[in-house]
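A single structure is presented below for examination.
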């Protein structure tokens, strides 16, 4: 079995989405990439999570060709592939229909950076893509979804805002690994929920000041990070 | 014991409604039909779910006559029967008072197709029936509820939108089996919840474009479906 | 030990409030009465639910005098006593700070009868009391709370609407037994939640028609009830 | 191992925050102080709760110097220290990003005292601090957060309102012990949730009258308290 470690990490990331209440039945998928091997490990399409094991995880090339695995890969695979091809530092991708992030996506509104919970993980608002055109939907839909996501990040650093809302659809998140992508998906849902409540309490709520946003993001991310146990101040 | 397999499937569908938090105490019911035998299996009236077993499931004819089973059938049986009589492809029906779907029913508003989560299961908005008249309520109430539901689908395909909101009451869902009906009830509640949040974030939110809606529904349903493991692309 | 059966029923009713998520820490209480003995069994004050056993339940007379039990009775006892004295058919009382019912109480708004989920248990809107005066609060507060509740039902049948919202405080529910009171408290919270969602979806939502309300309440309550297994149609 | 009892109490307070759903992953921290020893026990930075044991708890002096413990203390330690230095009766501090309290903090709105659930624990509205200035954020951020909190209480008794919302950030709570601080954090979240629902039902909702607020707070707190089992009326 190819890439046993990566398969297990991808399995675990998919299960984390379930444990945190982000996916209903089979509505979600997480993947990971081995950059060295040029191979992706992804959840199969439509297999219930309770029956999922590492052997069900499908291994594909970056062009989508299945290398190992009987079940068909997630139908969202082409979206994942575009993200891996365009975002060089990404090691994992997670897609869910988690309810609050999806509501922002359906409302076609970005999630404003209303507080430090948001800024701890996302360095500024979480963007919403434009709607896909009829042509982009009719053929090569999943790949075009990836394209619309990636073109959106021409002026935003995908490592600084590791998530996006696809208009009328739902969130895609990424990170240095499948685990990090799932972790960001969990936090995004909480951030989406708190932003929703904030807006209800105060329709005129404003994003936090840029220095507070920078302080929180940069204490956890990048070369000057000092939060947690692994890095030295 | 007649129709042991169907009884067990109906029991399991009823328990799924409980596990997913769709029913409080005994407020809900699921049924299944054996078209070959012309017999329906349905939850008994007012029996707590924790005491429910396959033997409690009541077997009736399509005219409502009890064929096997001591307890009285659900008082909503006549509504289920109308659905089975009018919708030829339906194999199961589920009724709940799940909180968000019921809120849309109480608000007498259809659930707009705001996103792909909705379109994956319901090919367009989930309709709300008209209110029943005083006469329809006073006599033959449950059967008239079924009648109002079915007449509503004269111009909508019940297989494409396998759910409806009964005004001032709550959702009825159906599907190819009791399991499919319960599955649709679970998804409807999530869709109702996300639509509620969407509307709060953006009171002017619009349904998704018809080509996106068609893409998502048709990749999972009908002859050209390609999602999941069972069908070939 | 006096009234062992009643103590156990009262214990179980209190635990049901916890299991259903209606009470946080010790914020709630249920009681039951033996009309024959003129004795009330009630939860002690401020004892955590996880340590509660039948022996902790306090037995008092209708004037509040403790007959058996070391711990002090719930500080809400005088409110329960007023309800028992004024509502002749009541066998149990439950008080919680369940979040949605409390929100309606804090908003000083009655819960409109928006649907059949409501009408199945409450025959019309759930009322909110007037605020207590300064004098009523300063002395004999808990008894005066009971007084304000009961005077409110001079023109409403407490058996038809077995719940009330005390303005700025929270819900009190009752029923034929402690179990029925707790059951009504659980349903009230669900009804309060659905009504809240209904109002958000449609600020102009209207109560259901009186014949639909009567149909649902009377099929479950009163001499012509036909729902469930215990009564004959 | 220093202060084993305090370490265990602090561990338990941190775990209570998790059990009650107030913290996601490692986003929160509770501490306790031994006034006699002048030592603080606090959760380490960024250690997942499931791996947390009493040995991981870090012991520091009031100036922040670590006395015992390998892991780095929570990055919010300087905020806790300011609170211990300024509020003489405080024995424990808890900080979370619990979702409803955080939403009020992000909306920069105090939580009004809408009902007795609130008044039972907080003697009046829960305040929101001013935003920190750029200078306060750039250097000594966590200590300045504590400073802004404490200056806010020059005219409010911190024992009467044992919580505050830091603007754009989230709640800090305190109490006579780490357990009391966590308990107040749990109640604050429920109070924040009920206040949110109240405001949605009635945008013009008013705080309860001062005599009702005083009645509820003072029956549980201060020298004339009579609620519960430990004090005599």
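For reference, chains read A, B, C and D in written order, and residue numbers begin at 1 within each chain.
Keep this in mind: a residue touches a chain if its C-beta (ideal position, glycine included) is under 8 Å from a C-beta of that chain, and two chains touch if they have at least 3 such contacts.
Computed from a predicted model, the values in this text were never measured in an experiment.
Engineer: When every step has to jump to a touching chain, what is the lowest number of steps that links chain B to chain D?
Structural biologist: Graph distance in the chain contact network comes out at 2.
Engineer: Which one of the chains is farthest from chain D, going by Cα centres?
Structural biologist: B
Engineer: Same or different for chain A and chain D, when you check if over half of the residue numbers at their contact belong to both copies?
Structural biologist: Different residues, largely: of all residue numbers at this interface, under half are found in both copies.
Engineer: State, to the nearest whole Å, the distance from the C-alpha centre of chain A to the C-alpha centre of chain C.
Structural biologist: Their C-alpha centroids are separated by 46 Å.
Engineer: With centres defined as the mean C-alpha position, give me the chain A-chain B separation in Å.
Structural biologist: 33
Engineer: Check each residue of chain D and list the ones that touch at least two other chains.
Structural biologist: 200
Engineer: Which pairs of chains touch each other?
Structural biologist: A-B, A-D, B-C, C-D
Engineer: Within their complex, state which residues of chain A touch chain B.
Structural biologist: 24-25, 27, 44-47, 71-72, 75, 97, 99-100, 102-109, 131-132, 134, 137-138, 141, 168-170, 196, 199-200
Engineer: Spell out the part of chain C that touches chain B in their complex, as residue ranges.
Structural biologist: 114-117, 120, 183, 186-187, 190, 193-195, 197-198, 200-202, 205, 208-209, 211-212, 215, 219, 226-229
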